[in-house]
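Here come two complexes built around chain A, the first alongside chain B, the second alongside chain C.
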Partner chain A sequence: MSLIYDEYGRPFVILKEQQAKARVKGLEATKANIIAAKSISQIVRTSLGPKGMDKILVSPDGDVTITNDGATIMDRMEVNHQVAKLLVELSASQDDEIGDGTTGVVVLAGSLLEQAEKLLGRGIHPVRIAEGFEKAAEVAIKTLGEIADTVPFSSDNLDPLITTAMTTLSSKIINVDKRKMAEIAVNAVVGVADLERKDVNFDMIRMEGKPGGSLEDTELVNGIIIDKDISHPQMKKTIKDAKMCILTCPFEPPKPKTKHKLDISSREAYEKLYQQEQDYFKQMVQQVKDSGANLVICQWGFDDEANHLLLQNGLSAVRWVGGVEIEHIAIATGGRIVPRFSELSEDKLGKAGVVREISFGNTKERMLVIEDCANSNAVTVLVRGGNKMIVEEAKRSLHDAMCVVRNLIKDNRVVYGGGAAEIACSLAVSSYAETIVGVDQFAIRAFADALDDIPLALAENSGLDPIQELAAAKSRQMKENNPLIGLGLNGDAGEDGSRATNMKEIGVFETLVGKQEQISLATQVVKMILKIDDVITMGQYQ
Partner chain B sequence: MAGRPGIIILREGTDTSQGKPQLISNINACQAVADVVKTTLGPRGMDKLIFDGRKVTISNDGATIMRLLDIAHPAAKTLVDISMSQDAEVGDGTTSVVLLAGSMLKAIKPFVEEGVHPQIIIRNVRAAAKLAVEKVKELSIPYDMNTEQGYEMLIKCASTSLNSKLISGHQDLFSPMIVEAVKALDDAGALDEIKTLVAIKRIPGGDVRSSFLVKGVAFKKTFSYAGFEQMKKKFENPKILLLNVELELKSEKENAEVRIESPEEYQSIVDAEWQVIYDKLDACVKCGANIVLSKLPIGDLATQYFADRGLFCAGRVEDGDLKRVSKATGGTVQTSTNGLYDGILGTCGKFEEKRVGDERFNVFEDCPQSLTSTMVLRGGSEQFIAESERSVHDALMVVKRCLKSKAVVAGGGAVEMEVSKYLRDYALTIEGKGQLIISAFAKSLEVVPQQLCDNAGFDATDILSALRRKHAQDDDGKWYGVDIAEGDICDTFESGVWEPSDNKCNSLAAAAEAACVILSIDETVVNPRSQDPGGAAAQQQMMQQKPMSNMMGNAMDAVNAQKGGSRSGNLGNGVSYMRGRG
Partner chain C sequence: MEGAFLNQGASVDKGENARLSSFIGAIAVADMVKTTLGPKGMDKILQKVSEGDQSVSVTNDGATILRSVMLDNAAAKVLVDIARVQDDEVGDGTTSVAVFCGELLREAEKLVNERIHPQTIAAGWRMAQKIARKALEESAVDNSDDDAAFRADLVRIAKTTLSSKLLTHDKDYFANLAVDAVMRLKGSNNLDHIQVLKKAGGQLKDSYLEDGFLMDKQIGVGQPKRVENAKILIANTSMDTDKIKIYGSRVKVDSMTKVAEIEEAEKDKMRQKCEKIIAHGANVFINRQLIYNLPESIFAERGIMAIEHADFDGVERLAAVTGGEVASTFDHPELVSLGECDVVEEIMIGEDKVIRLGGCKSGAACTIVLRGASSHLLDEAERSLHDALCVLQATVKEPRRICGGGCSEILMAQAIDREVVNTPGKKAIAMAAFATALRQMPAIIADNGGYDSAELVTQLRAKHAAGGSNWGLDMYQGKIADMIELGVMESFKSKYQVLMSASEAAEMILRVDDIIKCAPRQRNEGY
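Here is the complex of A and B:
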């Protein structure tokens, strides 16, 4: 901020380090903010839809990420501009809540701001624009509720869920084999879902990735996979009817936590100590054996001596298993976590049908698979792929798909994709605009235009003529009074030269909650951005 | 300085300014500050985005903005203080108090320039403020809080407070929530503890409309150890044990040392340690508790122990949360596990671990002492929720004020216009300088409706004149204020724009007080900071280091930055010298 001079020509400093602070205010600030936010949304715009492109993002450490997941792109971009950051958070919050539609929400916010900019140019007060948008959003959300369809599904009929998951996956890198992937996602979610309570505990789904093989090798394991191997090469690698003891204590002589000191004054005493240690090991292994366990899962390590003893006693063991994994294993196998050897007993053991070690290709890497667990509500998806980036992207895509399935289990209402829902909302909002008197009318109409932007972007990204496609779909929706008509991006051009199709017939749908959330979140953030008229930032040295 | 022999009284670098120019300069500074916040007033008010180098704040709350502006001007700091005191005292109207003070000073400035003695001005401003406050009290409409109407009134006051905020579109959701939370406290007569008993939790993500109120306590799942997932997560009428004890296997005393003679004794020490922790855990289980909460960590051993016995536990619970649980459930926090008995256990109707968005919450509901409530706010971004929280906080305070003052006035500039009219009339009945000053004071109150119009983009002159006319002519016109929706005037009492009268009284009094303080200053002595030479050198050094540490930077840039840095440093010194002479 520059200095202010009073009538006597003396400068006065009001703020601390005034000169180092930058301030933009008024309409100028609003417009600058809009431009920043818009440019962010331009970046992800090309990633929207089934034909959306991927972005490559290189982190400061040189890690490469290839993705078209909006939230991931936004997150890794390291946006610096304060207002643009709001859009990053917008995308992240859609991700947290719904898990899908993270690109769409940013594109929508961008289009809304673009429309707002035009209205600002006409001299409409930013807060009035925002209020108009809020009214319009309400109408749009209501419309979505009206046009929503329910998908019937049950544990015997998972097809509708699979189709929805396929819609989500179709924009992802793994769309080559989307049917299989969608099945994996659905089975994983249904495996842990409580269909009665409509609740899905995502913590019970584990996702492990291992580069190598191809995407088709991705599989769903009804159990747990941990990235650990059996501690001794000669131990049994496959254990049927495994009874495992889950330990959180190390195989070593117990140590008091209090500071302690043992003075060894003679050779005899030393030997005694050594003997004692040996006894401890034997006793521990014996306790494990007595409990009836045939597999030891240990949170800590144990040295070669213990390892050897275990081998001699015909026990297999896994060491250095992380706390979260321990917990998962305990839940899945119905076992109890045991804090010390003296508490081991048979009823505390976890049970699994088979535990086996698998290796990959001709590498040395191995993983441990625990299958047919007593409480079979833990599942693991093992993702394979040509390289690390593909595996990571496949994981993200599967996560998105699982989120969608979860949302459907919670609320099985859907709206149709391919822009159909947006077009229907746009039509409803613009007819609502005509009933409003005053400035709001302009804002509401602008909202309808912004909604059109989503199908436009979809068509653009698919290399179609956006205007023509949108116009065709819109006119058919109007004519047939059918909110199911959307842009058939894969189909061939029909008689009228456009690809407008009934989305229900080709089975492209998205969850209702996801769409509603997109609209309401985007509107909120846009309101927030429009309401700012003063930006004060500290100088560069801060 | 050179050439003129001077008597040096003060240390070199001391900034002294005095007399009328100083007074004018102070007034100008205050106005500059008021100018910054004035656009945030009213339902069409805008927000400020302030980035302090680490954190971004987007806010419309006067006190928040004033605090973040980091005002250095000594006189202008007074305005920060009144804004803060308004925040502490009333919780809302923090913008209008600054605005009023600025406007009063502006109205008074001509008198200072013409040479009226500041003390005369101060006397009259005080008199005017006193009259104004009395008038507001007289105008206010009392309400009985226990009637249906009283409830309506609270809702309206909360809505008015939320009007200018980001969440204005969701008043229908928030106002009842806020009123309910405060009323629960009022019924128990614990209104003054509102800050500790009503918690506002924010969870990023989700729609703002999915915010909700928990009548009871809710807090985020604390850090948990392995075994947590195996615990029971839902209880009906549980017994709750509150602890301030660490339940972990550890050495009992930091600096204790054990000497043992032979290896056999090793085991006994270990066993003793285990025994200590097991005794503690056993005590917790034996006392009949279903839920164990502790301010200190509950380790993995304890977690698994409790999980095995069907208890729920959470360690590292925040102090405030634990206190709220204690208040709500009637349990007392224990600092030892010895001698636990049934009387110290709390209870509640329902406990459940719930998933909200990506977070998990421990929710205690249907508590016997239904004092506490927790508001869980949702929203698209961190800043959005932070601002929602401030707005909700303001509204909470307003409702609390309402319950205390039990009287309301109409907002939208109506009460200011009425008081202004009253003072103008009064001014005409007295003689002397007071007449002029009081009418100036009266005029300065019009800043509120004027700014409301300005912010909404209406023609302030037209609306103000219409308002003046209405207030002067009509006896029924006393509640006419700015109609933000239509750009006209309307009876704001009818349209439900209500504020607690205390709020207005406090802001009038505080603003007048601030104006008086500023008027009574005729000299500022700013001592040079004692570490100034060192500080300046350090700063220069920093400036030189900065470009160098930036290895990627262009060498030319570095040189330029260095030059620029040192140049501006010189300029800074020059400026302070100039001020020193003036």
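Here is the complex of A and C:
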């Protein structure tokens, strides 16, 4: 098959048979890819929405993760199939860009592919389908822009932000105390946000988890928490008005980078060297002391001798602080990271109101809290929970909520949740379909059907009759010409037996950027999958 | 179908299958430890299976059992984790938390079979949990203002904890011992400062709380075996070779005499160090690291008692108990505060020699000497005592106490039941299930004692409904009784943590509908 003959009639191998492990071509390939992608999206489909379920993921080493977050599920699943991997990347990129809606984007891509499969069965060329989808996506994104609403918020009216964060959290396990969690997320983001420039520096928000207590004990600390303790049991555990020197050099005599040997050839030399070593230590501690510091934060370790010298000089010290933490401390306390003792000076010290060590439970676990930092906009969320898995999941959920809040600060336009936005887009896209002449019309209409799939999945997961709910919401949107009608999943059935509700009234909304990104990312991936017509899996040389 | 697109060896369980597997796993684990619950609970033998180490331990401690069992079920691992966290946070109630979580899931399984959506069950549980928490908080009593009453509470709490353990026969004795030890800490709340020394021989009753401090170490050769009015220098420094810490230095000489010279210089350095140490004026020197022969002999000459190789905790404990400071450099004797105690001596416990520090300056640390017939017995006694100490310490921090003997569970269940009738909707069924799970706890305790649980629990329920909110199970008589009269108390913190973590974990397991297992990592044979 991959064999051709050159002008002399000699056989000529293009692709070695043994080398190609498998090859699928043409429509076969497209269909096989669609099936793979669809089945992956089936897995996360049940996680969508406020009543979505969680997944247990068991890693190759037997560690257990329990999560509801689409991106995490996809990431930990260890997918093998090439096209399925595209979907994993799809949710990862939604995660990187927006941070929320990682499940929705995969479900949308899955239903787009399902629609495409039907069209392929009718003999429409994949590229035409892709083009139709592209046009439809443009319309949908435009519609979103039109129906978008702005939420006014300011630093003294954070309620709209909290409501949005609550929508994000409602699908997660930490919805026990949704309001409090949402407030934590909002306060954390607002704490570090620059509302003028509409910029949020996520690096300034730290999340530390500690199993124990319950989810409700989760708190926001105005400062930094690091999982380290003071190096000597007798050093002061609480330091008020801390002035810290932040060191990235070890408390050791310097090690020149060039390879060298120091030969001791006589007794005098030995004694001199010993003297030298002792002096080094004293000098280092003296330099720290002279700079006026009362707390030493060191990236490296220091041996018992240095430790004791510090103690004798009334300095508290923390050792083995990680690189990222060191940077955080430096930024938050307004200090400079000092790489050499000789460069220490008073203006390079970081300042904080209180530094204290706190202990948990009855194990030896201790953490260091740095509060009232000079450059106050660093916050830490200390997540507590009954077990390791719940703490991890709470961290992920809070991160999602913070991402949403950040997006709102950047761009305060929102669309309404509960499927309202999708239904509105679907209506717009299908009326646009009527105006198009040609094959594309089918593809565009299929796109509208795919959009309907999101509210369908939401209703399904809540144990409602999906078709009835969708039809009711859709007809009310048409009748009232109101794009705010969605599926009120928590509410009771209304007079007409459906749960269609005005989502603005119950305050369920999502960011515009997030939704737009979902549609455009999903369409892109689907286009990419549709355009593949040949899959060659390379085997090993035999 | 999905399996085809995952790596080989991976598997996906969906829907009913997943739920079944996680419920069954969690319930099985809970059932495994269920029989250890309560004062009449039974013990388990744990045997290691690795080649070469087939050692056996006998225990009643939920966390220890769960930690030792190898599990291949994701939901079961969650249970193990909550028991571990309970152990870290409170130290007691590790069995209860796993059993309660299992009971919740058993109830949930029934509801799921009745086609109630797991999220609805979770919502109902959350409401029930809130009510239960409120009821628990209201029933808690804080006696911390009154020292005598507080101490009595502590003893009762310790007795309740110990009654389900091996030490139950001597629980009065050990409860007082544990309370004394915790009171010694004076609220410093560092359990490291209570040392438990196990010495085989004698019987459990011979255990005692040493008013001094004991160290399982040896005094150096030729040094005094008893020092009165001891001044102790506690150090963490190398007394073996004490290298020069300059990178790349090495000795290179051209003649034998120079080798001797340098050796002499090294020895001089050590002698100097010893001199400096001696200059502190201490007559006892305790080092965390080794002490070589040379410094040991120097100390012996000067009549100083030198003790080597005290471990890290030991050094910290010593510092706490004697009020000294852990020193590593010795250039400024005036800055180092020395530890003080009346006497340091070598004493015999059973067949073994230990070092005793009597009459310490600040008694913020102490030693409990456990005696017993076998090492297994001692290990289990230590675990039981550790649980009691942990609970006491938690109670010192959070001084509220509640009634034990299943009383608080019934109390919470009744509070939930009262609210169930006022709640419309399916959530009410889930709330009732929560109450049923709570009532299972005293039922299991009664079952383990061989009593008629249905009879006792219903009697208890009626009593509570009639206003006897302090009534619980009297496990020695097999009837219901007023817990306050009987003195069965538990720590509020422990029960609270059981309630919170068990319901959180149960909700977490309940919410799962898929289990995706990755292919196990291939392990290379031959290691």
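Here is the rule we go by: the second predicted complex is superposed on the first by the 513 of 542 C-alpha atoms of A that agree within 3 Å, B and C clash if a C-alpha of one lies under 4 Å from a C-alpha of the other, contacts with A are read in each partner's own complex, and residues count from 1 in each chain.
Keep in mind that, in the parts below, a residue touches a chain if its C-beta (ideal position, glycine included) is under 8 Å from a C-beta of that chain, and two chains touch if they have at least 3 such contacts.
This is a predicted model, so every value here is computed, not measured.
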* Mind working out whether A:532 is in touch with chain B, chain C, both or neither, as first, second, both or neither? => first
* Asked: Just chain B (first), just chain C (second), both, or neither: which does A:308 touch?
  -> second
* Asked: Is A:273 contacted by the first partner chain B, the second partner chain C, both or neither?
  -> both
* With the two complexes superposed on chain A, say which partner A:248 touches: chain B (first), chain C (second), both, or neither. => first
* Check whether A:369 is in contact with chain B, with chain C, with both or with neither, and answer first, second, both or neither. => neither
* Asked: Of the partners chain B and chain C, which touch A:128 in the superposed model: first, second, both, neither?
  -> first
* Report for A:330: first if it touches chain B alone, second if chain C alone, otherwise both or neither. => first
* Can A:261 be said to touch chain B (first), chain C (second), both, or neither? -> both
* To do: Figure out whether A:97 sits in contact with chain B (first) or chain C (second), or with both, or with neither.
  => first
* **Contacts on chain A seen with chain B and repeated with chain C across the two complexes** => 253, 255-256, 259-263, 273, 276
* **chain A - residues contacting chain C, complex** => 36, 39-40, 42-43, 46, 50-51, 53-62, 64, 66, 68, 73, 76-81, 84, 173, 176, 211-215, 232-234, 252-253, 255-256, 259-267, 270-271, 273-274, 276-277, 281, 303-305, 307-309, 311-312, 359-365, 385-390, 393, 462-463
* Residue ranges of chain B touching chain A (in the complex, touch as defined) -> 17, 21, 24-25, 28-29, 32-33, 36, 39, 43-53, 56, 58, 60, 69-73, 76, 166, 169, 204-209, 225-230, 249-253, 255-264, 266-267, 269-270, 272-274, 300-301, 304-305, 308, 357-358, 379-384, 387, 456-457, 542-543, 546, 568, 572, 575, 578-579, 582
* Asked: Considering the complex alone, what residue numbers of chain C touch chain A?
  -> 1-2, 4-8, 10, 12, 18, 22, 72, 74-75, 77-78, 81-82, 85, 88-91, 117-120, 126, 189-192, 236-237, 244-254, 258, 261-262, 264-266, 269, 316, 319, 325-329, 332, 335-336, 390, 393-394, 497, 500-502, 504-505, 507-509, 511-521
* Enumerate the contact residues on chain A facing chain B in the complex. => 3-4, 6-8, 10-19, 25, 29, 33, 82-83, 85-86, 89-90, 92-94, 96-97, 125-128, 131, 134, 203, 248, 253-263, 269, 272-273, 276, 299, 323-324, 326-327, 330-331, 336-337, 339-340, 516-517, 520-521, 524-525, 527-528, 531-538, 541-542
